[in-house]
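Read through the structures below before going on.
Both complexes below contain subunit A, partnered by subunit B and then by subunit C.
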Partner chain A sequence: MSDQAMAGMAGATDALPLIEAHGLRKHFPILRGLFRRQTGTVKAVDGVDFVIHPGETLGLVGESGCGKTTVAKMVLRLEVPSEGAVTFRGGDIAKLRGDDLRRYRRGVQAVLQDPYTALNPRLTVGRTVSEPLTETQKGIAKSEVNERVAEALTSVGLLPRIAKDYPHELSGGQRQRVEVARAIITRPECIVLDEPVSAADVSIRAEIINLLQDVQATLGVSYLLISHDLAVVQRMCHRIAVMYLGKFVEVGPAREVATGALHPYTQVLLSNALPSHPDDAGEEIILTGEVPSPRNVPPGCPFHPRCPIAAPICREVVPVLSAEGVGHEVACHLVERGGRNAAAAGGAPRAGAASEAGR
Partner chain B sequence: MSARRVAQVPPLRWVLGLRSFWKQHRLPPALPLLIVIVFLVCAVFAGLIAPHPQNQGELSKRLLPPTGMAKADSSYLLGTDGQGRDILSRLIYGARMALLISIVSIALTAALGTFIGLLAGLFGGKLDMVVMRLVDVSMSIPAILIAVLLAAVFGASVQNVIIIVIILIWPAYARLVRGETLSVKQADYVALARVAGCSRLTIMRRHILPNVLPTVLVLMSLHVALVIVMEAGLSFLGFGIPPKYATWGSMIQQGYQQLQTSWWVAVFPCIVIVLTVISFNILGDWVRDRLDPKLRQV
Partner chain C sequence: MSGALDQAAAGRSGTPAAPGAGAPLLEVKDLRMHIFVRRGEVKAVDGVNFSVRRGESLGIVGESGSGKSMTLLSVMQVLPQPGGRIVGGQILFEGEDLLRKTARQMRDIRGNRIAMITQDTLASLNPALTIGVQLREPLEVHLGMRGKAANERALELLRHVQLSDPARQIRSYPHEMSGGMRQRVVGAIAIGCKPSLLLADEPTTALDVTVQAQYLRLLREIQKETDLGMIFVTHDFGIVAKVCDHVAVMYAGRIVETAATRELFDRPLHPYSSALMDCLPQRNLDARLRTIPGHPPDLAQLPPGCGFADRCSRVHERCRTEAPSLAEVAPGHKVACWDVEGAA
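Take a look at the complex of A and B:
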């Protein structure tokens, strides 16, 4: 765990960022009635910034409906941001055309949640796996495609002859491996993993996580990992971003977020996620208040109606992310400046923290 | 004992072998296939097969009963109608007309409706709204009214029957394909195809159309039956094919008044229609099963 965190740190300072999101917003209009009048907006993603460095895994956690998939879709250029931009190697992906677009498509691939709808039932495994290659490298020789397909299938632990099969002939675990093979065939630099294991059986889950870790170790690929499962995120990520109603409420190194969470929402998530030992004195914090909806975001801090420690200021002023440690940012009015964060970050001086967060 | 077994086994094994071959290769159900093949052969080679012309009868040979009944003439296997025309020959020529109308109108409609439905489903918005209103309007107009109206305005002709059929069944294709497109569009593999770098056209061709097509083919094969019935209905009402061509519908129309005295004039075309329609329906289901890899045996 600690050497993974170190790798993440090293990436954070040494190399150029691979993917950056600047002020990302996605607002969906709510249309009603015969004339489709707009009666409101869903603020699915509401001002999000993040960086993914080469070889790094950024985890995205949060409740259902908080906008994780929408972030992933914007990174994959499947949704156009209402505001803000995603850059790949410094270039705005919305402006990519022709060869540049194909280079980006080769560089950023995806594995999605449901292995049953992720594979076109009418294409053989070979066709599915080779598609990212043949679509982004037009005119590539057939023999090379076959070689690369066999190589990709082998590296996810499948036999190359499975290429002739159709998806309905495969088990759930095999499908998931086929998805991974497809995602790595172009030798991408980043793979977006949207809940890659939440549809899988528990037995397959560990296998797939191991596979993803092996792939990262051999290819040096970055991951944007989306998951409900904090245990998975803690195990795989260098940094974690906690999302609530379209905003990041806490971002930081995985171990710090997991052990020294500063935002009350993160603390709630952790208390629900950790396996409860009988001799564990820590009690589970139960959330009260109405379930949040991005259609109707409360004023002030979006979390205040459910927050166990909400103060009057929380109802009026929207908190912004501010540095509380090395690369650790929190959006909460009530986190004690300098006090708890110093302990959580191992006594890092505040000046260093500010410059780190000001990237 | 052993001699008996030897005598018994070969035919049994032959039948079983054929059956397992049939099953293994998932061939269509044999009887409906046979009926459809006979139908197709009759339709295509009507001029060669039919023993008599479709429209010239001998008045001296009016209402001859089918072979096997008293007073039957052996050169008229299924008897003759009120104008002395051979029923069998008219059934064979009727198959030709039924096939012509079905193939032309269904092929045109399926292409048109699928195209419209795909566009509406893929692009949505105003186009989708306009198409769906048109579909609603087309579907809410009573079919027979349009048919009678068109026949009254343009007169009875083969083209008009085809136009009527197209107007009546295109909404089914547009609506079906639009719905299928909308649901297929949601599938993760379409999103992943975009991530893989596929163009819109490639996605439509490789990922959406092949997953929509089986349902279109099933609808097409079910529509063969419907169109045969429609054409028969129109001809029965006198709004369909001009009388110089033999059609099953007009044969029933000409025969139903003499049902009590000369039943064969109307009953044979009825039987032929029912057999053909059922066979096409069964084959339609088979087409769907065959095209759906989920149902395909490994």
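Take a look at the complex of A and C:
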């Protein structure tokens, strides 16, 4: 994938960003009692910035509850950010109305997790696939809809006549393909993929990964891929953002993050990934305890209670993302300049890194 | 009755033998489980042989519909109804044929000497009962433990699965726990009566990687401590690589290849085994992922030859007419394929 990654990166630098997120926050109030008093706040997403370039895949990795799906929902304009904004080709998507909004809906589509519940069992494949088109382009001619459905089904490797079938007549792999066809029928520029393969069998998973890569190669569409499976993310993405309790802890080129992770949390995720051979089962870092609740984020570095190398400073000062390489940013007090992890290198934690801490 | 069971439990928890020594803990011979439905006879398990020793873990790998879960359910004799029936074979557990047991005798074995963990923890815990109640139930039913003794044992089990604050958690309900915690509770219930065999059906599929790693490590620790025999059903060779000593690859109700884990990874001889391995996204990151064209055959209308023939890249004429049977090609490595030489 390295060639592809390079191509993606090169393409990324000379084109304007397609989607940008600036200081994105989503806080949900916790309401209690008869008068719905606010007793707390769930900080689902707590200040993230990212850019998706045309034709690029950005991966969002993290455990359940880290806020990655909330980010996806804000990009799809299914949730309104509490603070910050998502822009599409430079314009704030929260301000879109009428035709502009419909144009955005055509431009940004989604493929969601479960192919069994995502398809309405009472609609034919044709109806399901055409819906994003007919909903966002009112008055489109019937003949054109049929043509576009056939075209979309063909580009995901299905026969156009499948449009007359119902979901129960399809295999798991075919259902996933139908979902992808539905996402590409509006000729979008970006597709949000929320755990597109995590519920599938390995053979179907491989099929869908290949399909998504083919679709990207032919249509030049961007992806925002959300997954907890690092192998899938590493295979499909140009860049990876690792998320923990609503914040990015490491962002960088996929290959670099996967092979030279700097944040201890990324290192844990990598060491926990399944091996491809019994001999690859390397040293595992096992986290104890659960992901802390986003309604009660620990002070300092949110990861410090579970961090295998936490130092005193981590309990007090929130680390911010800082550059450690070209396009590679890490939010950790214990990362030394030049991309080495203090603990991994056997050195003592560097207290001096405190200078750049703060909110 | 409880006295006899107590004794039995005490006998089982005695000094463990060296792993893999002596007679197999479980030996399944030519097991056939068919489901009789309107459109015919679904051969879900079609002549399966395998064995598991104490302290050993066997992985059964295959796609959905390959019969791997049905094999586990057949061992437990919890068959899909209506229509599921074991039509042949033997299931020898600690030397006794489970197929000759009465329903009552099987009830004494299930959850006691053979425990099972399934995929969906939310469905396997009762939402209306505290986890304390659910932990004590098998102890009361199978071991005749009561009151304080049962409670003590329940707490000990929660500590064993490394659940934080067991004294508080024992009074909570399943919905108050995260997926990882529930998975631990299910594990604690499973090992409550000190079973000698644990059947796990995709126990980590829905979990985060971190929780999956925690849980797999926990299962391995429990296995070592209690000298458990374990069968791990999964579609993911990555899990096999991590936890299993031996593997059986299943396809269309039959085992098509079986070997020690390392041997199978180094030398997969059945085209289905290598295809399934190459589907792993973590393999060959620079190459396009290999997929398996087509889909598994209808188990009610199995073709006369090899079930994999239609999807196989090395198919011969013979494969379509005559089904290959498992043959030993190296010590402990058996393959059911007419073209074993082609794999080399």
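One rule holds for everything that comes next: the second predicted complex is superposed on the first by the 327 of 359 C-alpha atoms of A that agree within 3 Å, B and C clash if a C-alpha of one lies under 4 Å from a C-alpha of the other, contacts with A are read in each partner's own complex, and residues count from 1 in each chain.
As a working rule, a contact is a pair of C-beta atoms (placed from the backbone, for glycine too) under 8 Å apart; a residue touches a chain by one contact, two chains touch by 3 or more.
As the structure is a computational prediction, the values presented were derived from the model and not from experiment.
Residue contacts after overlaying the shared chain place A:S143 against neither subunit B nor subunit C.
When the two structures are aligned on the shared chain, A:Q38 is found in touch with neither subunit B nor subunit C.
In the superposition on chain A, A:R205 makes contact with subunit C only, while subunit B stays out of contact range. Of the two partner chains placed by the overlay, only subunit B lies in contact with A:L78; subunit C stays clear of it. In the superposition on chain A, A:H228 contacts subunit C only, with no contact to subunit B. Contacts of A:N272 after superposition on the shared chain: subunit C is touched, whereas subunit B is not.
After overlaying the two complexes on the shared chain, residue contacts for A:L119 are found with subunit B alone; subunit C is out of touch.
Judged by the touch definition given at the top, the superposed model places A:P132 against subunit B, while subunit C stays out of reach. Set against each other, subunit B and subunit C touch different numbers of residues in subunit A, with C touching more.
Shared contact residues on subunit A (touching subunit B in one structure, subunit C in the other): none found. Residues of subunit B that touch subunit A in their complex: 186-189, 191-198, 202, 206-207, 210-211, 293-294, 296, 298.
Across the interface of their complex, subunit B is touched by residues 73, 76-78, 101-102, 105-106, 108-110, 112-114, 117-123, 128, 131-132, 135-136, 166, 168-169, 182 of subunit A. Across the complex, subunit A is touched by residues 63-64, 162, 164, 178-181, 208-214, 217, 235-239, 241-242, 261-262, 265, 275-283, 285-286, 288-292, 295 of subunit C. Subunit A meets subunit C in the complex at residues 1-2, 63-64, 171-173, 201-203, 205-207, 209-210, 213, 228-232, 234-235, 268-269, 271-281, 284, 286-291.
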